[in-house]
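The two complexes that follow have chain A in common; it is paired with chain B in the first and with chain C in the second.
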Partner chain A sequence: MELKSADVLKVRELEFPLDRFYYRGKKSHLWVKMRDGITEVGMDAFLVHSTGYLNYISINTGEVKQGKGVGNFESAKFVSRIFSPINGKIIEVNQKALDNPRQINASPYTTWLFKIEPSNPQELEGDDFISSSIELKEWIEADLIELDGE
Partner chain B sequence: MIELPQHQRKGESPEFVQTSTAAAMTLKLFPGRFYRKAKLRALNLLLTYKDGCKANCSYCGLSSSRKINEQTFIRVDWPTFALDEVISRVNLYGINLERVCVSMVTHRRAYNDMLSIVKRFRDKTDLRISTLIAPTLIKDREMIEKIKAEGADMCGIAVDCATPELFKALRGSGVRGPHIWEHYWKVVKDAASVFGIYNVSVHFVVGLGETEKEMLRAIQKAYTLGAEAHLFSFYPEVGSTMENHPRPSIGSYRRIQLGRYLIHRGYASVDDFAFDDKEHVKSFGVPENVIEEIIDDGNAFMTSGCRGNGSEVACNRPYGNERPSEKLRNYPFIPNIEDNKDIREQLLDYSF
Partner chain C sequence: MGFKLFNLGLQNWKDTQLIYHALAELSIESLVIQQTRENYICLGMFNSAKELDFDYLKRKNIPVFRREIGGGTVWLDRAQIFYHLIIRRDNPLCPIKNETFFTRFLQPVVDTYKSFGIDASIKPACDIVTEGKKISGNGAGTIEDCKVLSGSILLEFNPETFIEALSFPDERFRKAAFEQMTSRVASLSHFGIWVEEQEVRDRLIQNFSELLGDLERVEVDTRIRKTMKSLEAEKFDEEWLLETGKDRYWREIKIAEECYLFHFLRDDTQVFGRRGDNKLEEIEIIHHGNRVEKLESLLLKEQINSGKILNIIESYIPHKSEEIFRVIKGG
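Moving on, here comes the complex of A and B:
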């Protein structure tokens, strides 16, 4: 699936490249990018910023279902689940990122977490995915306001 | 792009201080959020020097003998920031903050620098001020009086160890350290007479090798001298002499928390507690319904620390003693029903 441009949306100090989809199901903030029929998944700038400096990440491999937990991430003061954005099979985990999670803080969009062989690539057209800058801006702004209130 | 934490020390106290990760997050100097929406109520600051702390405590991340050059202390990063920046951000973002704690390290400049930082906070913020003093540098009562005169209303002393033997082995001559047990307790006594009873605290680290009975006796000793006991659960610091020492069992920690609460609230003294042959608490000597009410209430298992504007603890140190993915040792908020269920089970856990 081709995206329109490689522009970057900026909300406050956070950047969101527009060459990928963003998964918001289960209040996730994962980016999803198709490359040669395989889906790369990573953490978006909001998730990285709100979590803080990452200390631990774990990812399970094998068959996955959309919205089901596939792992955890943890910083000094926060922990949460990672949910699969799509149905399919995790075929590769980025062990370098798991061994050095702060690589994700430094470069969230070039550091993928895992790759899924999707069962149905059309899933990326569902409501849980955002690719338009207008929708993305609204979503990020709303979540930043919620975060400010914590 | 997002910057990684700077571990290089940029300067020294009093112009610079180290802050806890929680403090840095609250002041928006670090990114991040607190699990379960915990809110930090007290800012923990540490004096910082290029040549570091001169003590050698086996369990401490600041120990001069630590094998790695990491700026972690009590489990997390303690980044260094300019004091001016910290103070201006307290006034911008510190809406939930009620107190600041200025912690000395064992360094020849630390006493005077602590006084100057206390004064800065008194003049520039509305926060109540605690100091965590290094008794080895405190030569007389007048030095404590001066801390109060500069604006601190509470004073903490990190005795840490429950017995003189452990203290000597882990902090004193056993590690070629400068600290002396008797002097620490003299400073506790003097501080209680200067700041007033229960405006002084004694920090204890549970899990350094003591028994439950020894720790509860130490807590009773502090309380009898007019000092509250504030509890920490040992967490091994990588590169410290005790990096492979196990953490205390959660059962032990809970029983010590409960015993401390009973002593502090006047329900019992350590002499009312019964212990087994391994010196684990078997009975607290108070009616079962009282214990049940205390568990339901949850306060006994919350972080113990200096008070804020009211009677509640301000120094709540969220996830200071454990990873957020683990069972909480010190609750930075009131435990919920699920937590209470855990606590009930943990109190009866005698496995190690």
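Moving on, here comes the complex of A and C:
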């Protein structure tokens, strides 16, 4: 795994800290960071950029399965699903972010959404996770090109 | 495989909602065109149930549903033609950006209005408007592997019962909501257009098929019925209906894009106002029993996103400035 540096990858105006992993399963754009055996999950800059101002967020608690819905967020009359990046149990939800979702617009990488106690941390090595800065750059650029084409 | 067409005509109110949820669950890319037999109210996924006067709804026997997609609380009745588009998220036609999703898939609806001589256009995020009036409200969301658009063409519109069914902090707010809704929302009949329902359905289908390709006309089969049945238990669960929404510490009602009414009351402070396009159009602030007219007039001069609003409130009502600022800003 290469993504352990304190550097930040910049793709156009979007920033992606390299101290965490990025989940792209189910066309998600979530960041995932391991801290003392617990996984913090948040939204990455591409998701925030393509979504716009967040109005509401809800997150369920309890057991979660990778790729299954764990919550929703609404922006401009569109409700989008949040999918769990890994199997495990949601042990904490960031109530401050849920009460004021625009905190995520302002600061996506310091505002985690929920914490999962993973049942198998090795899952972070799966194909749904970006495991190198080169791959991360290619992924973001491809999605930005798709966005431009719209 | 192309899109399926479910041209369902009149349906019972429950099925009008369950059908598109079920089609999305089953990943059946489709267009649904239908009407409801009974009047009902539909909450968006995040609308607080406290927006509704349940005593009134019970007295009038008006049911309520909470959909899994976005948009505000709406009144639904027979004088509306519903359209629901279900498209897989990985379909190349399905954009990443929600804004593009609305502009792309509302175009057939805009074209339908235009075919009746109405100069309709999309007002972002998802209203369709003409002559400054909202003529169609829409919402969308992700259900399983699909994105769903839901909206209606209003043949006629009378907000009286809807406004009665909503819960308001006071009668003045109710009256303002009625006046704004009457002046800012319009139906085909408002423009003197009386058309056969079949004609509206046909034109919608024609315009959607130009975007989606040939639509295969199909019936609701056993598998779909079964999924609707299984969703029924979940969607009519009291907890889903009453507790899924998010309560705010203020009351806000969206009349149309760029027309929101809001009301905030806490301790000795009351704020009532109307927010337009990044600007307050009306505001009344009562603090310690007195109008704070100087503050009101300063706020009316400012753009909401100017960054000055919070400072202005702070200089008059410092202990509640953050709360009032959020009410004014909305969201």
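In the analysis below, the second predicted complex is superposed on the first by the 143 of 150 C-alpha atoms of A that agree within 3 Å, B and C clash if a C-alpha of one lies under 4 Å from a C-alpha of the other, contacts with A are read in each partner's own complex, and residues count from 1 in each chain.
In this text, a residue touches a chain if its C-beta (ideal position, glycine included) is under 8 Å from a C-beta of that chain, and two chains touch if they have at least 3 such contacts.
Quick caveat: nothing in here was measured; it's all calculated off a predicted structure.
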item	value
First, second, both or neither for A:A106, with chain B first and chain C second	first
Which of chain B and chain C A:N72 touches, first, second, both or neither	both
Partner chain(s) touched by A:I59 [first = chain B, second = chain C, both, neither]	neither
First (chain B), second (chain C), both or neither touched by A:V48	first
Partner chain(s) touched by A:R81 [first = chain B, second = chain C, both, neither]	second
First (chain B), second (chain C), both or neither touched by A:K27	second
Chain B versus chain C as contact partner of A:E150, first or second or both or neither	both
Overlap of the chain B and chain C footprints on chain A, listed as residue numbers	50-53, 55-56, 72, 74-80, 102, 147, 150
Residues of chain A touching chain B in the complex	15, 45, 48-53, 55-56, 72, 74-80, 102, 105-108, 147, 150
Residues of chain B that touch chain A when the two form their complex	1-2, 4-5, 21-22, 25, 30-35, 37-39, 75-77, 318-319, 323-325
Complex interface listing, chain A residues touching chain C	26-27, 50-53, 55-56, 58, 69, 72, 74-81, 102, 143, 146-147, 150
In the complex with chain A, residue positions of chain C that touch it	44-46, 68-72, 89-90, 95-102, 124-126, 138-145, 244, 246, 331
